[in-house]
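In the two complexes below, subunit A is the common chain; its partner is subunit B in one and subunit C in the other.
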Partner chain A sequence: MSEIELRNVSKRFTGATAVKRANFTIRDGEFFILVGPSGCGKSTLLNMIVGLEDVSEGEIRIDGQRVNELDPKDRNMAMVFQSYALYPHMSVRDNIAFPLKLAKLSKPEIDRRVARAAQILELDAYLDRKPRALSGGQRQRVAMGRAIVREPSAFLLDEPLSNLDAKLRVQMRTEIARLHNRLGTTTVYVTHDQTEAMTLGDRIAVLRKGEVLQIGTPRALYERPRNLFVAGFIGSPAMNFLPARRAEGRLELPPGALEIPAHNAKQWGTAQGPLIAGFRPEHLRVIGERDVSGLCFAARAEVVEWLGADLFVYFDVALKGFGEMGLPDDLDIQRGDTARHTLVARIDPAHAVNEGDSVRVGLDWRDVQVFDAASGENLTLSNAVNEH
Partner chain B sequence: MSRRGSAERRLGLLLCAPAVIAMLLVTAYPMLYALWLSLFRYDLRFPDERLFIGIDNYLSVLSSAVWWQAMFNTLVITVGSVSLELVLGFLFALVMHRTLIGRRWVRTSLLVPYGIITVVAAMSWRFAFDPTTGFVNGLLGLEGAWLTERWSAFFVIIQTEIWKTTPFMALLLLAGLTLVPEDLLHAARVDGANARQRFLRVTLPLMRPVIGVALLFRTLDAFRIFDTVFIQTRGAQGTDTVSLIGYNALITRLNLGLGSAVSVLIFVCVLAIALLYIKGFGIDLTRRREQ
Partner chain C sequence: MAGGADHGRTERWVWGAGSVVVIVYALIPVAWILSLSLKRSADLGDNRFFPQLVSLEHYAAVFQDPQFSAALWNSIGIAGISTLAAVLLGMLAAYAIVRLEFPGRRLILAAALSIAMFPPVSIIGPLFNIWRTVGLYDTWAGLILPYITFTLPLAIWILSAFFREIPWDLDKAARVDGATPLKAFVFVIAPLAAPAVFTAAILVFMFAWNDFLFAISLTSTNDARTVPAAIAFFTGSSRFQQPTGAIAAASVVVTLPIIIMVLIFQRRIVAGLTAGAVKG
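So, the complex of A and B:
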């Protein structure tokens, strides 16, 4: 068990900065997630924590002790790789026992620990097999087994589930969560999948282009994203965005205007220039004819996706008169073009909406977050306290 | 098998046929012919006295001290050169693998000896070790005539072999090194293995098939050594090898029967070495690479 502290940690490769001044503390026993699109520096950060990469600048401390100069083997951390990195010439038993043999533990102790790990991970029946005779999920478990036998002070997992198929991924996700609950070991988990991040993490750090954009609980990131990127990256389907502009006591959006109470409007009144309004799919409600609270507009359901418990309705909004939104490219949520933009609503399947139907949609001003289009900053939060 | 299956199989055999026929013509026929010749007393100087004598040629070869002496010499050269080539080849492969700057230059320069014709290399080294014209004695401050004594002659022969074929070994091993996934070495590092343990417990076992193939090729080559010895000593000072014995019987003395028996025996040895390696290293020449 240990606390991992990063103080202004940077990593520079020739000609590029992979990590810029990362500064945060991973608490003892915490399940901490590093999430971001590919190339954001999350794996580099993990490799620096475990010692496979040197730190260009800054300091990493484990339980208050500087470890920058320590070799990986002296950091007492265990790592699970995306490729699982099982030794193909060793049996499952030898794979799991490998770190213990290197640590020169006694034979009975090694046997005891291997047996216990195998029991926890339900690998008893496979101990004498070679990795190539195992399925993807089993290999993943062997990799976990090799990590837990050492009883390390921290687990580092680098995209451990991305080589599995969707169903197995969900299953292993819960197994990893259960394992963490059982062992209570500090865990740092790298993923590009925001669903994994949301479901597993006590806290999440969102990285982009080597920079830590925001750190917080899954709920905090979802409800109070500090900027446009975090808002768009966290949540599935992604947050809806529309270009917006400020008017007297109102926020004008392409489908209409939202009345904003004066004291709220003041909060984001400082920003000049174009704005972007963001709201979650579940905040678009299907409303009746007489409902006139908030912003109400009619739209045609272009695509309807029924998922049993949810109904996703996609519809287009003409951008008439509003300029193009500058959404970050790496968000990968560019829906539409200069003339129109696609919104998605998550609604109760009890509403029988079919493709081509015209529906009345409502949006409350309280559910709208306003971002500065230039800086991406969430203006709705500018006075609020960010949760760490 | 379905009709389509058997038709495909027939097509497959048909497509293989030209290669199989070519192989039979250029390898199986000469080999079988040599085997046939070895069962005769057949000397080109006395062609009329040709006579079927069964395994007598083999008996006379196997009971001759010259053959066993040559076999011993061949083994000395083989073991001496191949073992040192393996060690040096590994060192070079590791250097090439780790080199970050001038990688191409390093690899190319290391391969130069392998590009030189064996006869030329053997002559160059003969001159280099020559007591009057060579640079070796001058460099080491010695005065010996290297190729006039048995063990020093062996030294010259073996070092010529090593100089010439270490690059080949290094290249094969380098290919093997690049096949060891970086993740495995990282995992071993995190698991607590130091550089030596990573090499011995992860890299080496994973390279076993490659090392097996490299050793197999080189051992077979070294066992059949001819040109270096022919150029440097011609088998003098007790440095005869089995190939030289075969050459002398067949070409110098024109004794087709005896010479063929020697060739067949060499072939049997080569076959035994190959089987030994394939069994020992678990080399499966037919299996495709696993993912």
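So, the complex of A and C:
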């Protein structure tokens, strides 16, 4: 159990900065998630915490003790690698026992702990096999077993589920959650996967190009993203974005204008210049003819995806008169071109919408967040914070 | 699909026959030497493939010859030390080339390869003169040094190619599991690298063990003369007798260690030991 504190930690490789002044504290017992696009420095950050990479600048403290110079073997942390890194020439038993043997524990104690870990992870039947005779999920469990036998002060997991198929991933995800509840050990978890991040994490840190953009609970990141990148990165399908501009008391969007009540006028800030309006797929509603609150427009359903509990409807909006919005390329939201942009709505599957149908779509001003197109800053949020 | 099965059978038959031809072609001289070494002196010229009567007289003679025992000892010592040194140095070099960032990594590999391409015979003359001047002529070191020089590139290439394939996450995992760098190497990396180390060791050993060129040029007495060179100095029991039987017996004796080594390590040389380390 321990608290991991990063103080302005930077990492420079020859030619590139992989991590820029990371400054945050992972609390004792917390399940902390690092997400971000490929190459943003997640693994580097993890390797610095565990001691496999030197820290170029700044300080890492564990329970208040500076550990920059401490060898990985003396940090008492356990790591699970994306490749699992099982020792191929050792049996499952020896793999799990390896850290204990290095710690020079007594034979009975080692046996006891290995048996316990094997039982927790349901590996009893495979203890004498070599890793090559195991399935992907079993290998993953052995890697977890090697981590938990040590009773380490922290678990560091680098995309531990990314090599598993979808079903196994869900199963292992709940298993990891259960393990964390049971052991209560501080856990740092790197992932690409939205669902893993949202379901497992107590808090999530979003990284981009080596910078920590925002840290918060999954809910905070989803509802109050600090900038365009976090807004677009968190959530699946991603948030809808449209170019916008300000007019008196209104926000003009390509499909029409959104009225905002006078006493809420400051909600969207006062910054001039090009804006981007963002709203979640579930905030686009299918409405009847007579419903005229908020912004209403007709659109043609281009693609309809029925997922049982959800219905996703994709439709195009012409960008007439509005310039192209500069969404960050690393966001991976490619929904259109200079002339039109694709929006997605998550609606109640009770609505019988078919491809090609014309639907009336409504959007409430309360659900729209406004971003500065140049800086990406969420104006809605900063303004709301200023008011309080 | 009878045609397909037929085709498969023909193919297997062709491959099988080809293998047999190659093996017979390669082994006939060996069998001939073995046969010669077991014939009595009187039967040496009898033009038979199998000895009429098996006799160990040539082996006895060879082992009684103090020249041969000395040469055998020299061969074992020189080849052994060369192998040990070349493999050890090769491992360090390959590890550095694969694991460390430093300028000129590729240059080292290229330079090593060019040394391996170098015809040894072209340096024999100068080496002879240098060794006589510095006092390495007719010493163990005088042979070990060129052997290391000419086998190290090979060792480095084999080992670095193999080290590149080792999942180095294993090294990191061992370090996090509480191992010192040395323990991580000994318990995790070395067992995985064993096949490559054995392969390199056997090749280096064979080079040193079989070498005739350096051995004949850089030695003059029993102090450092190895078996291949010593065989050339065998004399018959009289001036008029060809020492054919003794040469054959000596040849068999020096071939045995190589065969035994290959047989023992054959199974360890099989790669694929690393299967299952990573996702697979």
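One rule holds in what follows: the second predicted complex is superposed on the first by the 376 of 388 C-alpha atoms of A that agree within 3 Å, B and C clash if a C-alpha of one lies under 4 Å from a C-alpha of the other, contacts with A are read in each partner's own complex, and residues count from 1 in each chain.
Please note the rule applied: a residue touches a chain if its C-beta (ideal position, glycine included) is under 8 Å from a C-beta of that chain, and two chains touch if they have at least 3 such contacts.
As the structure is a prediction and not an experimental result, all values here were calculated from the model.
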Q: Put subunit B and subunit C onto subunit A via the superposition and say whether they clash or fit.
A: clash
(Q) Output check: A:Gly321 vs subunit B and subunit C. Expected answer is one of first, second, both, neither. What do you get? (A) neither
(Q) Quick one: is A:Ala133 in contact with subunit B, with subunit C, with both, or with neither? Answer first, second, both or neither. (A) second
Q: Considering only the touch criterion stated at the top, classify A:Gly15 as touching first (subunit B), second (subunit C), both, or neither.
A: neither
Q: In the overlay, answer first, second, both or neither for which of subunit B and subunit C A:Val50 touches.
A: both
(Q) Is A:Asn163 touching anything from subunit B or subunit C once the two structures are fitted on A? First, second, both or neither. (A) second
Q.
Quick one: is A:Pro108 in contact with subunit B, with subunit C, with both, or with neither? Answer first, second, both or neither.
A. neither
Q) When both complexes are superposed, which of subunit B and subunit C contacts more residues belonging to subunit A? A) C
(Q) Just checking: does A:Gly308 make contact with subunit B only, subunit C only, both, or neither of them? Give me first, second, both or neither. (A) neither
Q | Shared subunit A surface residues [contacts with subunit B and with subunit C] | A | 50-52, 71-73, 77-79, 81, 83, 85, 87-89, 98-99, 102-103, 132, 146, 150
Q: In the complex, go through subunit A and note every residue touching subunit B.
A: 50-52, 71-73, 77-79, 81-83, 85, 87-89, 98-99, 102-103, 132, 146, 150
Q. In the complex formed with subunit C, which residues of subunit A make contact?
A. 14, 47, 50-52, 71-73, 75, 77-79, 81, 83-89, 98-99, 102-103, 130-134, 136, 139, 146, 150, 163
**Q.** Touch list for subunit B against partner subunit A, complex
**A.** 181, 183-184, 186-194, 197, 201-202, 205-206, 208, 290
Q.
Quick check: in the complex, which residue numbers of subunit C touch subunit A?
A. 101, 167, 169-170, 172-180, 183, 187-188, 191-192, 273-280
